[in-house]
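Some structures are shown below for you to check.
Common to both upcoming complexes is chain A, partnered first by chain B, then by chain C.
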Partner chain A sequence: MTDDTSLRAPLVIEYPFTRTTGPVVGAFLTALREGFVVGTRASDGRVLVPPAEFDPVTNTPLTEVVEVGSEGVITSWTWVTEPVPAPQRPAGEEPPWDPSVDAQPFDRPFAWVLVRLDGADTSLLTVADVEDPAQLHTGLRVRIRWRAEREGSIRDIEAVEPVVSGEDLP
Partner chain B sequence: MGAERVAVVGVGQTKHDAVRGDVSIAGLVHEAAQRALDDAELDWADIDAVVIGKAPDFFEGVMMPELYLADALGAVGKPMFRVHTAGSVGGSTAIVASDLVAAGIHRRVLTVAFEVQSVSEAMWALSFPYPFQPPMHAGAGGYFAPHIRSYIRRSGAPDHIGILVALKDRRHALGNPYAHLHEPDITFESVRDSIMLWEPIRYSETCPSSDGACAMVLTDEAGGDAAAASGRAPAWVRGTAVRSEPTLAAGRDQVSPLAGRECAAAVYREAGITDPAAEIDAAEIYVPFSWFEPMWLENLGLCDVGDGWRLVDEGVTQLGGDLPVNCSGGVLSTNPIGASGMLRFAEAALQVRGAAGDHQVDGAQLALGHAYGGGSQFFAMWVVGAAKP
Partner chain C sequence: MTELSLPARFEGVEMIQRVRIPARLAYEFTAGVATSRFLRQVVRKRLVGERCPVCTKVYVPPRGACPTCGVATAEQVELGHTGTITSYCIVNVAFYGQAMDLPYVSALVLLDGSDLPIMHLIGEVPYDEVHMGMRVEAVWEDGDEMEPTLEAIRYFRPTGEPDADPATYGEHV
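Entry: the complex of A and B
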C-alpha cells in the first residue's frame, strides 16, 4: 500500500566511469571507429573476436592483432518482442550521459545474435535488424551495417543484416 | 595458524601512478603477478589457486572483475577466491592465501590485489547522497579528520607531528622505485604551507589516488625451503590476524578501535612476540593521512597510549631509527586502495628477505604488515620473519 503522507525523493544511482582500454581492447575499439573488426590470435591458432588480452590456456599476453571480415554467419540468436525503453528521468533532471546507452538498440522488435565473422573462430554478440524472426536462422549469412558517425564503441556496429545476394552457409 | 608453515617466496608490484594509461585492469594485475612469479622462479602452471582482493567494485564500476581477470592471472580451471574487506582488503586477501597454504589445501597460491583509481573518483564514491540524510560530501578525509582532532586533544600532540610524518614517508619513497609520489624537493615548509583540506589534514599530509597492483606467491614449507636452498631467502609467515567491529557501535573508540588493539594482540601472540616495539625491526602501517601514524603506533601497542607522537617527534620511526615505519613510503606515497594493504604486507616480506633495496632496514629479522579499512573498523595484520616459526 502506498501511504500518501510518506516522504519521497528521487535516488538516481549514477556515477561517471572511464576506461583505460590497454593495447588489445584499445586496438579493437579503434578499428571499430575506422569501420572494421579485429581479433587476437591465441596460442592454439584460433582467432578470438572480440579479442582476448590474455591467452586462456597459457595466460601470456596476446599481441597478434588480426583483421577479420565484416560478414559472417549467425551461430545463435534470440528474438526481442518488446524492447525495453530508455529509463525515464525525474522531471527537470538532465542525464549526464547519452540516454541511448541505457536503451536497447532499437525501439522496434529485433534480435540479439551471436555472429562468427569470416576469419574468426569465436562469435561476437551484436544485434540483427530484421522485421520478422522468420527471416533469421542459425547459419544465416549476415553483414555488418556500420553507424555513419563512429566513435570507437561497440555501438559503432549498428546491426547486422542478412546478405541478400549471398548464400546461406550451414 | 595451521600445521603447515607458510613462506612468501615471490613479491611483485607495478609501478604505481596517478594514471596507468598504458594498461587495462587485466594488464595491470598481470604485470604484478608476472613479477611475483619471476621473483619466485615459478611459472603459471606451478600455481594451485589464486586469491584476489580489491576495494568495492563500484570504485571501477566493474562488477566481480575477478571473473574476467582469470585469463590474466592464470586462474582458468583453478580455484579462484575473491576477498572483500574495504581498504584492509589487500591484507586480508594475503591472509586468506596464507590460510589456504597453512591448512594444507593448496601448496602454492598466487595472491593479488589492485585498484585503478583513475577510472573513477573513489573519494566521492564514499559520499553517496542518500535522500533525507545530510549530504556529507566529505570523502575519507572529512570522515577521519574528527578522529584525528580527537587524538590531538587527548594526547596534546603539537601541530607539526602530522607534517613530520608526511615529510618522512615522502622521503622514504625516494628509495622505492615503484612508489607513486617521488618528491625530492619536499620540505617541512612545503608540507606546512600546503592547503588545508580537512583541518588538521593538509594536502601534503594526504595519500595520493593511485593505479597499481601487488602480488605475492605463498608456498608451503617445502617451497620455502627450496627457495632458501637456491639462495632466494623467503619470508616466513609467523602470525596472522583479522578483526572487525561495527562502524557505528555505541561507545566505540574511533581513535583507537578495540578491533585494532585485539588484532595486534592476536598477531603478536601467534608470532610469539611479547615486546613488539623491541622485537619488530620494521613496520609497514596503513597511514593514508599523516596523523594515523602516531594513532596506529598506540593502537598497535608499539608505544604507550599518548606517546605515539613522541616517537614521530624523536625520529624513532625514520629509516635508521629504532622502529622504522613505512620505509617504502607507505600509503602516503602510493595508494591504489585495494592493493595498499597487500603492499604493506609485501613490503614487510621484502624487509625480512633483505630485498627492499634502497629502503632496506639493515638486518631486519621480524616485520609487521598492517592494513585497516572502512571507518577504521576492519583490521588485518601479519608478522613475517627471516627465520622459520
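Entry: the complex of A and C
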C-alpha cells in the first residue's frame, strides 16, 4: 500500500537579529525615544529626515545632526482599507519581542503618509490616524502623536494627526 | 568612528547603539511525495530509503530523484537503525528557540546501507568523546503515536562497536 500524497506542515522561521545602529541612526532612534526628531544636514544644506548617514551627492559621511519640528505637512498619502493583522501563533510560542511589530500599525483603516517636518527638506514615512480619507489632503498640516512608552523605535511615533487651527493642544 | 555634532538636547542622554530587528517567515512546508513515503514509515519506526536505478546509491530521506543521474528513484530500501558518524558539531553557543541544553552534539550519521548521511543529535556520550567513524544507533521516542518527522528518533547513541574503517564512509564525508 502506498500513499502518493504529500505531507504538509506549518514551518515558521524566526531570526531574532540584533544589529548595531551606527552613530547617525543611533541618534535618530535616541531622539525618538526622547520624543523629538532629528535629521542630518547634507553638503547642499538640505536637512534629511530620516537622517542619511552619507551625503547623497558627495558620498562623504554626514556628521551634523539637527533637530526638526514635531509638526509638518503631508506630501503624499495612501489609504489602507484592510490593515494586515499580526499572524496567529500557536499558544506558548510567543516570540521574545512585542508581537504587534508583525502587524500593521492599526487594526482599523488608516493612511500611510509622507510628512515633511518643519525644518526638514525630505519626507518621513509614518501613519496618519484619521477616521476617513476625506480628512486627508496633500499639504495638510499634521502633528506627531508620541507613544507614551517609547523605546527608540520608529513606532515611538504612534501616528500623525491633523493640526486643528486654534485648538490648544498640550 | 566619525564624530557627530549633536543638538544640546542629547546632553546626558544615553545613546542607542543597537536594536533588535526580528524577522519572521511563515511557510507551509510540503515534504514532497518521496519524502512523505519515508515519513509515513518513520511513524512505524522504519527507515526506508530509495535507490537510484543507474548509480545504485541509496538516498535517505529520499527526494524522489537521484541528483547525480537525474532519474527517478523507485526501489524502496529498508535500512537498519545503525550508522557511522561522518561529521559532527559541538554546539556551545546559545540561540533563540534552542531546545537542547548546552553543550550538545549535532552530527551527520551515515545509516548502514545508505549513501547520504542524515543530520541528527548524539546522546548518551560525553560531547568530547564524539568522533568521526563512531558507530551509533537510533534511540526512538516512546509511545504508539509517533509523528511523521525525524524527531521520532530522539537521538543516536554509541553502539560500543569499534570505529568504522574510514574507507567505508570516506566517500560521504
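Just so we're on the same page, the second predicted complex is superposed on the first by the 155 of 170 C-alpha atoms of A that agree within 3 Å, B and C clash if a C-alpha of one lies under 4 Å from a C-alpha of the other, contacts with A are read in each partner's own complex, and residues count from 1 in each chain.
The rule is short, and it goes like this: a residue touches a chain if its C-beta (ideal position, glycine included) is under 8 Å from a C-beta of that chain, and two chains touch if they have at least 3 such contacts.
Computed from a predicted structure; not experimentally measured.
Enquirer: Considering only the touch criterion stated at the top, classify A:A52 as touching first (chain B), second (chain C), both, or neither.
Expert: First partner only.
Enquirer: Give one of first, second, both or neither to describe whether A:P23 is in contact with chain B, with chain C, with both, or with none.
Expert: Touch partners of A:P23: chain B and chain C.
Enquirer: Would you sort A:T63 into first (chain B), second (chain C), both or neither based on which partner it touches?
Expert: Only chain C is touched by A:T63; chain B is not.
Enquirer: Considering only the touch criterion stated at the top, classify A:A134 as touching first (chain B), second (chain C), both, or neither.
Expert: neither
Enquirer: For A:A9, using the defined touch cut-off, is the partner it touches chain B, chain C, both, or neither? Pick first, second, both or neither.
Expert: A:A9 contacts both chain B and chain C.
Enquirer: Taking the superposition as given, does A:F36 touch the first partner, chain B, the second, chain C, both, or neither?
Expert: So A:F36 only meets chain C here.
Enquirer: Based on the superposed arrangement, let me know which partner A:A148 touches: chain B (first), chain C (second), both, or neither?
Expert: So A:A148 meets neither chain B nor chain C here.
Enquirer: On chain A, which partner touches more residues: chain B or chain C?
Expert: Tallying touched residues of chain A, the top partner is C.
Enquirer: Can you give me the overlap between the chain B contact set and the chain C contact set on chain A?
Expert: Of chain A, residues 7, 9-11, 15-21, 23-24, 61 contact chain B in one complex and chain C in the other.
Enquirer: Could you pull out which chain A residues touch chain C in their complex?
Expert: Touch residues, chain A against chain C: 2-21, 23-24, 26-27, 29-31, 33-34, 36, 38, 61, 63-67, 87, 95-97, 101-102, 152-153.
Enquirer: Spell out the part of chain C that touches chain A in their complex, as residue ranges.
Expert: Checking each residue of chain C against chain A gives 1-7, 9-10, 13-33, 35-37, 39-40, 96-97, 148.
Enquirer: List the residues on chain A that touch chain B in their complex, please.
Expert: Chain A reaches chain B through residues 7, 9-11, 15-25, 52-59, 61.
Enquirer: For chain B, which residues count as touching chain A in their complex?
Expert: That would be residues 19-27, 30, 44, 58, 60-61, 71-74, 76, 116, 118-121, 125, 130-132, 211 of chain B.
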